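Letters A, B and C mark the chains in the order given here, with residues in each chain numbered from 1 onward.
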Amino acid sequence: MNKRKLSNILGTSLMGSMLLITAIFLLIFLIRMFSKGFAVLSPEFFFSMPRNAMTEGGIWPALVGTFLLTTLAMLVSLPLGIFTAIWLTNYARPRWLVRILRIAINTLAGTPSIIFGLFGMAIFVNLMGFDVSLISGGLTLAILALPVIINNTEEALRAVPVEFRDASLALGATPRQTIMRVLMPAALPNVLTGAIISVGRVAGETAPIMFTAATFYSRRLPQGPGDEVMALPYHIYALMTEGTHPGSQVPIAYGTALVLLLLVLLISGAAIIIRSSIRRKRQW
Amino acid sequence: MIQDKILELKQLLMSEASLVEKMVSMSIDGLYRNSEDLLNNVLSFENRVNQIELELDNKCTATIALHQPEARDLRLILMIYRINNDLERLGDQAVNIAESVEHLIGNPVVREVPELAEMKRATLTMLRDSLNAFATCDETKSREVCDADNFVDELNRRIYHLLVDLLKADPLQTERYLHLLRVAKNLERIADLSTNIAENTIYMAVGKVIKHHNEDE
Amino acid sequence: MVNIQIQTSELNLWFGKNHVLRDVNLPVHSNQVTAMIGPSGCGKSTLLRCFNRMNDLIPETRITGKITLGEEDIYAPRADVTTIRSRVGMVFQKPNPFPKSIFNNVAYGLMIQGKFPRHELRDRVEESLRAAWLWDEVKDRLNSSAMCLSGGQQQRLCIARALANRPKVLLLDEPTSALDPQSTAKIEELCLELKKSVTILIVTHNVAQAGRISDHTAFMYLGELVEFDRTEKMFTVPADKRTEAYLTGVFG
């Protein structure tokens, strides 16, 4: 067997084994989560309030809290992010402003999430006086999601063939009309996919909401934006670190983790399905 | 697109052809029938023919330059070009005959050469047939025209010898006999040109060259 | 009486430091087809794109001189680009219909003006599709996607789309180079028909095409307008040696 064939086989085997290791890790992870948390799952677990110092009952308020936080975050970050991306791809003047923006976006994208938490606390909780609340947490998460949405939307817009833009302008459309009537509709599926993935990410963040929104226990569901909320990821953290009855609380933590995992998997799955159906239907 | 252009060229050629036909038959008839102002009439026709010849020349060139015709279209246009030339020369021959006729007006000398009448008939037939054959792209008729050329050549020889004898017999009529000789020569040229047209028609129709009688090879 | 629809005067264009068009003076006759030919890189496409200011989209473009459409200079500081572009339509080399329905494609130029009621849109769409010789093929499926059409049909759709604005001038940038011979022939015949109602300016790298359909031809070389004349004359007796060299295939 000659040298080239040999090195080809070696390379392929190496890559294959890497893949195998990754897959095995993932499998172990999933199996462990499942085995530890599955026992706790039941309809009651999903829909009832926690009881008895968190040793029994369900995670309903945490689910509601995560839902509200995520919704608020997306409501703020999506429009902001999309319009920023549109501006960056189509107007982008003056040059110095563009450069500053890009630095800002890239920095934000790489910032550790705990720093978002501190920032949120300093600005929303303290400076703006919102206190630990849904609104503080939502806004903090919005800033977290912003760079991802901007980059994703920009990429989606750049992926639209330039011929469409040329054709639209050549027919006498203004740049704004071109964006609204041709480019955005064409980019929308990809923008949407990115948004959905952001949802998954935002739902699972702990550090940003630690000091800004989340509480370990609330007797009732949040009544307004000024209320503090429970959230799934924080719930896990709290149960594992501050729980007083680890015997019953650790399984609940695993159960919560499983729920969060399933949520993320569901969202990612939805995004993948949407993306592949776009690819199939794509006509250009 | 190109078919329209070719049709235009063909129509132009046919109008030139009918003018030339008229010129030839007018001028030959002038030998036997006294017609007023024959030469002037023929000359005015010739002006028109020359105009068409130039126009057709330019149009053929332009069509080739702009449309790159191939195969049958190409042969057609090239042949129109050639026949255009031949028609112009036919016109010249008609003018020559008319000029000779001017000198023979009223003079019965032509009756001494009956073969001339026969030659006139044969030549006119060849001319008409060749032009019709071109219009209808008729290969068979064209071949008949080519074959008829021999007969006309034969007549020409006979007329020559006859005129030589007549000349020796009556030297006073030399000028007139020479004009008759010239007319015969013109008629022979007309027959030749008609043969050319027929040969070109055959090339256009089937792509075969039968010039210079090499068909038997 | 010669009627010039659009004319360039001393037009110069730079892409950054590149002097791409040099002192171009080109008259475009009304209701005629004017072809622009020349080897690759001679500037013919760039010149074409000057007529509807599409070069404005390219950064670092500098233009001097003027282009007059009718009475106005389209590069005047006050000139409205969107109005110019609705009067000077363009069809591109690669057919580029929007991923919308056939109807919405053709109506696009009218819808963005916002002043056409629905029934008038329908009439104009039909008028344009008929003018582009596409109506019979698509009249039953105006709401289906434009992307389902064949290449030749898509290009005719793009022509219809440009015609919907009832432009005075139609710019065609090598419109048939991506098409098969039948579609090409159809579009060439279409041009001969369209010139009755709109002035046509076509860039082509196919000299024979210029010969077939154009009334006037402009030969460009290295950014210069080397020769401009009636096509018939240029193709039989070109005035410039460079033109003759190009036409006889010496270069390009």
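Odds and ends about this structure:
Just so we're on the same page, a residue touches a chain if its C-beta (ideal position, glycine included) is under 8 Å from a C-beta of that chain, and two chains touch if they have at least 3 such contacts.
None of these values were measured; they are calculated from a predicted model.
Put simply, the chain farthest from chain B by mean CA position is A.
The most central chain, judged by the distance from its Cα centroid to the centroid of all protein Cα atoms shown, is C. Centre-to-centre, using mean CA coordinates, chain A is 48 Å away from chain C. Centroids of chain A and chain B (each the mean of its C-alpha atoms) stand 95 Å apart. Chain B and chain C have Cα centroids lying 51 Å from one another. Chain C makes touch with chain B in their complex at residues 188-189, 192, 208, 211-213, 231-232, 235-236. Put simply, chain B touches chain C in their complex at residues 1, 61-62, 65-68. If you check the complex, the residues on chain A that touch chain C are 161, 163-164, 166-174, 177, 181-182, 186, 283-284. Of all residues in chain C, those touching chain A in their complex are 52, 54, 57, 82-86, 89-90, 92, 94, 96-99, 108-109, 111-113, 145, 147-148, 158, 161-162, 165.
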